[in-house]
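All remarks here apply to the structure that follows.
Naming follows writing order (A, B, C and D), and every chain is counted from residue 1.
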């Protein structure tokens, strides 16, 4: 099977400090891939490299249909079909929930297109559909800044979904959520995976165990191992990395 | 309901503000004036006093306003003009040229003043010129300027070029040397003045070693002084403006150049400006004006005394102050002669009007509405006053287009 | 023979350039702290310079009327610390009453401090009058040092030394004393410093006062070279900002280099053309340079998103 | 926007249209000048209030627009075909730069196109290089310094500090005629109306929402697949165009333009108008420009010394106490009143209907 995303020997050098030391990663169609690893392993940096926020010092990122994307500008990468949800909710607080989604809808994104854009029934239907999916139907006209933390997280996920991406990058999507909300988010992620590939960075091991099929473990800027959660837990190196730092996998 | 109230409230507040702002302070003026002559109402006649009372030019212009008000007061004490008391309407030009145009318009249209005394910079005069011409008003402009202008609605009581710059250059050529270096701020007066000087030097055997301009407000003169040092001129002719003079003279002195080595003749530094630079820095350098505080006549003694008593002992009088002061007297005399405040009649009557100003007799030249004045070259003293070294004896006829000088042909226009 | 004259001109221009740089550095140094380190767009910094200049003028008046004649020449040495203290106090009051509400709102702080600047100017005008005032140079600063055919005025040498002292003083304070280290810590990472028990409010006020005080010292030096009037600060504020952003925000070394670069370029361009052209060239170069290096000559790479 | 509904605009424009009936000619001319400023303020509101970019260099665009129209007027007022000030500088032939401006249509289009081109070039590079916040503000100030110094220094072409003044006619019609002045006033009102309508349409369009999104988080916008550079350049050009229009109308009304008016201080004052009115509201920008200038006119007529204290205080007040300006203030006061009325109504209803209502 051909991967959607291929990372080849990615290195990132922050003024002499190597945050990534040659990462290789493949993400396949309709896959939910979890990235785990201790703090400072380079998980977020890897997402940053994929979506163009951070430039790799070395290596290639290849995206299906667009070829090599690591030299492209951020908005071009996003247009190519890679959506990114940041760790801290980054939404537009002074716009309403509806407007946040309206801007995120998959559409032509030039100045002229937006000047002449009409709010037709098709767009409305899309937004309604997503609102329902992220459970914010009743908040559509509220300013996004007034939402609860968990709701902001969902709104941001919704903003990514409505772009109809081929690959969704989620950075700690359940941070700050209650138990019920976590579960809902877990199902939402699986639901999403029917339409696109998802790459999730997550710290919460229960969550990972419950919702993951494939897991990639990173440590100190490199991939340590890959496999199912069960396999990974057996891996001695992984145990050492976590236990050696005084942390347990479970 | 709620939204309506909100909007109504907002609009109410806004409209009140707007009315207050637009109607402004002249709400008290009856704008539909029935009297047929300008500015006259009962026992008083209104005149406008329009100077920058705020902003960068306030430094110079406030004292002109004071001088004009003093003259108005004196005339009122002596019985007024045509039996009417003069009522000054004071406006602030705020060192902003459109504001000068705006206020001149207000004075003429809304206050309907008989005349305006005002302005300092050429730019402010140029801004007021179309306004007074279009409204057939009258403006008395009291500061030396670059010439090349003669509006039927303006009287010029400051020197034009042939009453200050041209004689100064001749005097320098005769007494101080042939090699000139010209420096000035980068604006209209210095550039026009230097153009005239260059033509004159050519005609009278002088030599031009350099010509430099610095932006307004420039304060680092080390490079310019290096250039002057390298050129080694006999004299420096200075048309720098305002603040730049302070920096230039201080740094010139530091560079070890004194009046003995290279004297500087300035045409924009009078007694007022010396106070802000320091007499110690300027002592020994020259100026060219039509009036100095030190002029020894009874009229001047009286004038200086009254001015100091009224506005402060530490103050000084200088050329523009005197010109602003006697402008009011010239206008009053012209009105008396015309027997009317009407602009056209005053203009017709103005030719040859003469008054005894603090610095000597001054006379209006009807052909160009400038003033006959005595030219004086002076040396700046340690105490900040100016000692007269030379004067032209008789008053010099104003010649704003330099028509009486052969070498100036072709200067005044492209033709 | 001719080569000697050319050398002479080059040498004196180099000195002029360095001297102008030192003056620029002095006016920018305070701003490098308030704007560079604290990120406050302090448009009133020019008026701290103005106040410093008026303090010098007042000290001169006091010395000439109350002190023995032979002491007069030393008024200038006294005026420097006085100007520092007075403007630092004004800066402190300003921080406590206004600036502290404006951290993280750089554009708003720009507008508010512009308002402060207008008010300070009007106050100065009310107290000292609108015209410029004359400050008499102490006699020991008259004249200059003659090296071959080049004259180095004592005043300019004095300013060079003064800048050197300010710079070393600042360096020692910021990196070698506990109070200074606290200040650097706060500007680098406010939350972390606060967690470690640093009273950030106090440090902010102190830093702002220090920056303003340096403006006051610049004002003192200004009286040696230029005019003293209520609006004098506006002449310098734009230059000072340009130096700080050219050098890179948050970096004293950058400010130093920025001042030297601008000083040298403008004097040499002026020598080859005119002062007007030099001004246009310098500002156009700044615009172009920032296109190339948006964060100035020396910038630190940051990982923050916004 | 939601709260400042049509009635406010209707009242404002009815007031403006009726103003010549009850104001002295001189005051109408003054008001016309303020309306030009209002057009410019709308442009600043779009770029600053909506997009969050603070430009301290709008004086340049205003000045360029004004100079373009002024060049035409000056040529029409010069019987010899060469403006008087050029004669004094010894120029005998009209410079090439001036020649096309003899054509009024060229001059008027240039009043918009020249500022837009400058904004396009500067904006493209600056925004592409991701220069933001105070860096952009300072660059825009440097731009002002460059232009003002050039316009003063190139006296033989620009008229130097004196600027361009003393115009007589436009299209052969005398500008000083009372009727013409009135027509000009109504033309200005018309332009303001168009400007406001355009700005409202823009802010309500999806592009307008994206501008706000850029203000809220430029990088987020980028990761949604938009290129913020093009939107920022667009809004910069729009506001430059509005400033150019304002400048052109200003010259027709006031009859002069000089480099002082495009300087640093006027450029900062322009931002203040918008801040006073309410930076997030088009309506606020309009009334802010009119009111601040009215106040300036009033104070400088009555208390010139007091004006700077007032202006300075206003800056501080707006930033500290009322960041949403007069509109925000009016809104919150209005809300208090309405909430009191509502409360009262509610109480009344409750009294009548008893506890079963809710």
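Note that in this section a residue touches a chain if its C-beta (ideal position, glycine included) is under 8 Å from a C-beta of that chain, and two chains touch if they have at least 3 such contacts.
By chain, with names taken from UniProt: A = Urea ABC transporter ATP-binding protein UrtD; B = Urea ABC transporter substrate-binding protein.
Computed from a predicted model, the values in this text were never measured in an experiment.
> Can you name the chain that lies farthest from chain C, using the mean of each chain's Cα atoms as its centre?
A
> Counting only C-beta pairs in contact, which pair of chains has the most of them?
Looking across every pairing, the one with the most contacts is B-D.
> Quick one: report the Å distance separating chain B from chain C, using the average Cα coordinate of each chain.
The computed centroid separation for chain B versus chain C comes out at 36 Å.
> Cα centroid separation between chain A and chain D, in whole Å?
43
> Rounded to a whole Å, what is the gap between the Cα centroids of chain A and chain C?
Computed value for the inter-centroid distance: 48 Å.
> Distance between chain C and chain D based on Cα centroids, please, to the nearest Å.
Each chain reduced to its C-alpha mean, chain C and chain D end up 34 Å apart.
> Pull out every residue in chain B that's touching 2 or more other chains.
In chain B, 186, 213, 215 touch at least two other chains.
> Residues of chain C that touch two or more other chains: which are they?
Expected reply: 276, 279, 305.
> For chain A, which residues are shared contacts with two or more other chains?
53, 86, 90
> Give every residue of chain C touching chain B within the complex, in rising order.
Touch residues, chain C against chain B: 5, 9, 12-13, 16, 19-20, 23, 125, 130-137, 142-144, 151, 153-156, 224-229, 231-232, 235, 266-267, 270-271, 274-276, 279.
> Spell out the part of chain D that touches chain B in their complex, as residue ranges.
Touch list, chain D to chain B: 3-5, 7-8, 11-12, 15, 19, 23-27, 29-31, 33, 80, 82, 84-93, 149, 152-153, 155, 159-163, 165-167, 176, 254-256, 258, 260-261, 287, 290-291, 293-295, 297-298, 300-302, 304-305, 307-308, 326-327, 330-331, 333-335, 337-338, 341-342.
> Using the touch definition up top, name the residues of chain B that touch chain D in the complex.
Within the complex, chain B contacts chain D at residues 1-11, 13-15, 17-18, 20-26, 31, 53-54, 91-92, 94, 96-99, 101-102, 105-106, 109-110, 121-123, 126-127, 129-131, 134, 146, 148, 186-188, 191-192, 195, 213, 215-216, 411-415.
> Would you pull the chain B residues touching chain C in the complex into a rising list?
Going by the criterion above, the answer is residues 56, 58-60, 62, 186, 212-215, 217-220, 222-224, 226-227, 229-230, 242-243, 245-247, 250-251, 253-256, 272-273, 275-281.
> Quick check on the complex: what are the chain D residues that touch chain C?
54, 122, 125-126, 129-131, 133-135, 137-139, 141-143, 145-146, 149-150, 152-153, 217-219, 264-265, 268, 271-272, 275, 305, 308-309, 311-316, 318-320, 323
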